[in-house]
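Dumping the structure here so I can ask a few things about it.
Letters are used for the chains, namely A, B, C, D, E and F, taken in the order the chains are written, and counting of residues starts over at 1 for each.
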Amino acid sequence: MLSFENISHGLHNWLSAIMSETPVVLIELTLVALAAITLFAALGLILVYMERKVAAVIQIRKGPNRVGPMGIFQTAADTLKLVMKENFMPDSVDKFLYKLAPFVVMITAMLILAPMPFAQGFQIWNINIGVFYVTAISSISVIGVLMAGWASNNKYSLLGAMRSGAQIVSYELSAGFAILSIVALTGSLNLNDIILSQQDGWWIFKGHIPVWIAFVIFMIAVTAETNRAPFDMAEAESELTGGFHTEYGGMRFALFFLAEYINIFIVCGIGATLFFGGWMPFHIGHWEGFNHVMDYIPSSIWFFGKTFFLIFVIMWFRWTFPRLRIDQLLNLEWKYLLPISLFNLLLITVIAIKGWHF
Amino acid sequence: MGNDELLEKLKELFPDASIEQGNDWPELLFEHAQVADGKFLEVVQTLKSTNEFLFNYLFCETCVDWKTHFNMVYHLESTQYRHSMVLKVKLNHEQPSIDSLSFVYRTAEMHEREIFDLFGIVFTGHPNLKRIILTEDWVGHPLRKDYDDPINMIKL
Amino acid sequence: MDVKITQPSLPFPGSIQDTPGGGIVLSKLDDVINWARSNSVWPLTFATSCCGIEMMSAASAKYDFSRFGFEVARATPRQADVIIIAGTIVNKMAPVLKRLYDQMPDPKYVIAMGACAISGGPFFYNTYSVVKGADHIIPVDVYIAGCPPRPEALLHALITLQEKIRSGLTRDQIRAQFSEDGK
Amino acid sequence: MIEEITTAKEGEMVINIGPQHPSTHGVLHLLITLDGETIKKLEPNLGYIHRSIEKMCESLSYRQFIYSTSRMDYLSAHINNHACAMAVEKAMEIEVPERAEYIRVILDELTRIASHQLWWGAMAMDLGALSPFFYAFREREVITDIMEETCGARLTMNYMVPGGVMTDIHPNFVKHVKDFIVQFKSKIDEYDTLVTDNIIFQNRMKNVGLLSAEDAISYGTSGPTARGSGVSCDIRKTHPYSLYSKLQFEEVIETGCDSFSRYLVRVKEMKQSVKIIEQLIDNIPEGDFVAKTKAVIKLPKGEFYSRAETARGELGVYIVSEGGTTPYRIKFRSPGFSNLSALNHMVKGYKIGDLVAIMGTLDLVIPDIDR
Amino acid sequence: MGSGSLISLILAAVAFSAGGLAVAKFLTKGSTNSQKGQTYECGVPTSGSPWNQFHVGYYLFALIFLIFDVELVFMYPWAVVVKKVGMPALFEILVFVFILFMGFLYAHKKGALKWM
Amino acid sequence: MIRFLKNYFTEVFQAVKSLFLGMKLTGYYFTHPKEIITQEYPENRLTLNLSERFRGEVVMTHDEQNEHACTGCSACELACPNGTIKIINKFEINAEGKKKKAIDAFVYHLELCTMCNLCIQACPTDAIKMAQTFEHSVFNRNMLTKQLNLAGSKLREGVE
């Protein structure tokens, strides 16, 4: 069967057969880089297009439909235009940080891709502390945002960046607790182990209501962490015009824009992995026949299907809810999400220890 | 209170002002000399706090340039009794100034800034009297009848 | 002006075309870039008066200017491509408008929407504070008459602007060309 | 402006909101002193759309000046025109035919609904919810279509003339208005589900932007802004004009004094407007739609004041006539101007996010403020 | 693939961003004018620099987060082994969380979590 | 404490419920694409039906003989609030040798026009009317100044 695993393994074997180890590694690393860039570009185009279409249908309108059939080249045109826009930098900015910020954001987004299990046996780096790695790296992105906001020498940017900082660091806690509850259930930080532990059913079905609560908290927290509405404090168009990227235009703005969508993809991928079994097909306990039928659907489709469903949910949030105010946002975290997730974690620990889950 | 009754009461209270029944409401007209030196504030306070009047709602404040003099026009209403009246003060054309009502009616603060801007009437005691609508460097007061701006104004 | 575009998808200028020799040629890079620019015109959220409401109507579900890819209204000029002057420009506003226009990165376009933006419109005579036409302050690419113009008229203007961008001509060139055509 | 920068204390920041800002709904310029994100002081700076309508009207005839008032508060264009027409009629002592009155009131109320719908959408958009805007415009477009069919324009109609209305209503008018009422009633619940009952929205609106009844009067606020503070000030009730004294409707008053009660007033007012239209639409009397007037209108010498309730509050038209064909002085008492003067009082101590919510509930239309 | 892939990913990100920027830099032409480089603030000249003193509340916030984040880090190893160790681990973490929670309540009472 | 917890959880539950209802509504629209009301403008040009009263621009009606009904009385010019219409008259000598006033050019400034309909109301001979065109976008502002009477047109017989 043609799958990502077979392709990557086949490629590795073929390369190993014809040359020595060092060039193989180099070629593979180049291939990884190329694949990552392609994935980035493709995801950016697809997600922005998806966002616009989802928004359009929810808002009873058609959405982009004039550039290519169904408007599928709309985002391509946008990207091309942004690239060809004047490469412009205001005079009063802190030049070094201003230029560095988009890179920081992009590098962070790229790095989190490393432990992502896109399909069965298809992962860039099978690190044994995958979950921990993801939480650690994802907190770096706030530095990029803060850097951008500070360097812009613009009051709106600064306010947006400060908001964003407070918001991301706060919501990381409850996101962390939600992730921990799955770690407690599986007893491993390795993303592959977590997926394999869901062979007889995804955690969302196995773990009773506490896992649902953890999932909901996870979704809320990652929506906030990615600065998405209703938590888009950092941008808050109607308040701060553009927030931290007010002074960014053209390609640099495109990078922020892209990174935002990649981050959504990543957190939804993590969510799908933790709660919905990543590439693991839909299995029910020991119904071998049923499970076998499900296995016919390639694992990559499972992964992307679940991820895109979660992305859709996050978009659905955005087009339904009003924005919170910054103090309410922090209130929500400190007063509701944090205590609930903390106690939920303890509850899940009890379930894990007692083995009450299915 | 009906308009006639109101008229009587006003006449009783302000015997030296010229009071007449306008098209809609009683009109109370003061010469500037009558209300100079802070007396105008007293008049307004009386109108606002006398139990029979309670004119607590200044719903329109404006000015009319009569070429020889300015007329400040205050439209007052009582939100309790729903009767209204017009208070007018005649100001001289050379150096028009009058007491600011911004501490009696808070809305007057912005209205007076607008009138200062467009008519050039100085409100003594106003907390922040500067142009609000036109730019700071604008010359002249455009709603005056003698205002002429050949650059910006194209006459039809 | 007649609207020439009737099929929903615009032809991609960089598309592969068959030549008699059997080979393929790519059209010029410039055409591709102009194609991208014309299809991705992000407006600045800028409205001064009545025409702004019709601009909102054009954004609303019934007219939906997102079909053209215009819906990404940016609040900051750094990310905007077109400034739709929707409403009267008065003397106090003129420096602000100039500043906003100046702060936009190139390439940038201007649409003057409605009588006020074109010429001062209803406030042309006997007013002391109205700028008699926004093109006294910043160069304007497309003028839409109307007070306020219908949302469809705005869409028409956007299509006109797209045509201009796609032709790759400068303001003066296109003016000269279309004056001959009697447009 | 310059002094304030130097006097700004340590840690305080002076920030400009507007003239070009998505949430000021036009070109209002607010100069805000911030401490962290808390607003210490707010100073409005007007005039970015001051079009000198008052000066211009001094050289327009009484038939002509009405059109310029549609451009003031363009969301209540009909009501503005109505107020001007009333002022002229009052001075001329013209008896307006009953049919014209019916048409006028129906159109006024339709305008009010359209205005509130736009406000509702824009308000939700300010708070970051974008979809309500599109749902609100769906219904609003039905109204604009009705307007276009009868008056010939979507926004700035210039349909009222001294003595009546310009043309008779379109034959389909009654049917379309009825259709609209049916559609509106079926969709109004969605407004509540999507926005009014939403917990985020309520949290952002409740106890924000407090304006006590006393302050509301002192600041000269009117319309939903004052009624949200428990002040009865609906001109349609307190000084009835046109047909309003004969109609059954409630003056919506909320006593919460906060943004949420101002919000509720407007939402409930839409329902009241529908009620008014329902009373009128079936019994538009036959007859003339305009009274006979002279071709050139000359007002007698004197001062005339007419008041009308626009979607934003009380509009006053103050005409000083010298007996000629043009007004000697005209003053539009615009509701937005007074409402705006209360803004500084309302936002002190709140956050920037609240400023947007408070400004949203004031429903400012900047050309109405600057004129 | 080992940790070497991280380097390649970083390089990919840099190449991606820098590539785009380079295209923008070399292929586009811009115009200059005196106002272009100035700070955007709704179209009016800005007053004062935002680079001045910050409210102390921001730092408090950062500190509290730091505490919680460090605690969170301690919980990761615990979560991995909790299934194996069983009930004792739960009680240990209860004590840990209790202390943490008290600190949190204290901070909350003191108003350190209020946004200024 | 119990009260507090109860309130706390009711609050959370109510909040989640209200959010869920909102999502249900948007979800309804997402799953019902037939609610889409978009009219696609340039494609629907041929079927676009504007109300006959819609005021797009002032036009002068000409019949097949290239004749119009404008006597050049300039009532519209006087009625116009902002000088949109300029009528330039000339004197023609008709067949009987009498001098007769006729329009030379009926200049209409579309860029100034506010479509207020006052000129149409003022016209005694119904020579001008409002057209339902709205596609007035041009690259050059001068193109908006129009001459409404066609070249070589003249006054219809019998119109005074």
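Here, contacts are C-beta pairs under 8 Å (C-beta built on N, C-alpha and C of every residue); 3 or more make two chains touch, one makes a residue touch a chain.
If you're wondering where the values come from, they're calculated on a predicted model, not measured in any experiment.
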Hey, what chains does chain B share as contacts with chain D? C
For the interfaces A-D and D-E, which has the higher count of C-beta pairs in contact? A-D
Name the chain whose C-alpha centroid is farthest from the C-alpha centroid of chain C. B
Between chain A and chain F, centroid-to-centroid distance (C-alpha), Å: 49
Averaging C-alpha coordinates per chain, one finds the centres of chain D and chain F separated by a number of Å equal to 24
Distance between chain A and chain E based on Cα centroids, please, to the nearest Å. 16
Per the C-alpha means, the centres of chain B and chain E lie apart by a whole-Å value of 57
Residues of chain E touching at least two other chains: 28-31, 36, 38, 40-44, 46, 50, 54, 58, 115
Could you list the positions in chain C whose residues touch two or more of the other chains? 8, 60-62, 64, 67, 75-76, 78, 92, 96, 100, 105-106, 122-130, 147, 150
Which positions in chain A touch two or more other chains at once? 58-62, 65, 84-86, 88, 155-156, 237-238, 241, 246-247, 250, 319-321, 326-327
What's the contact topology between the chains, one of line, ring, star, complete, other? other
Write out all the pairs of touching chains, ordered by chain label. A-C, A-D, A-E, A-F, B-C, B-D, C-D, C-E, C-F, D-E, D-F
Residue ranges of chain D touching chain E (in the complex, touch as defined): 1-2, 4-5, 8, 10-11, 13-21, 29, 35-38, 351
Chain E partner contacts - residues on chain C that touch it in the complex: 76-78, 96-100, 102-103, 105-106
Contacting residues of chain D [partner chain C, same complex]: 19-22, 26-27, 47-53, 55-56, 58-60, 67-68, 70-71, 74-75, 118, 122, 133-134, 137-138, 140-141, 144, 154-156, 366-367
Listed in rising order, the residues of chain A that touch chain E in the complex are 25, 28-30, 32-34, 36-37, 40-41, 83-92, 102-103, 106-107, 109-111, 113-114, 123-127, 131-132, 139, 150, 153-158, 162, 165-166, 169-170, 172-173, 176-177, 180, 183-185, 187-189, 241, 246-247, 250-252, 254-255, 326-327, 330, 334-335, 338-339, 342, 346, 349-350, 352-353
The answer for chain B against chain C in the complex is residues 133-135, 142, 147, 149, 152-156
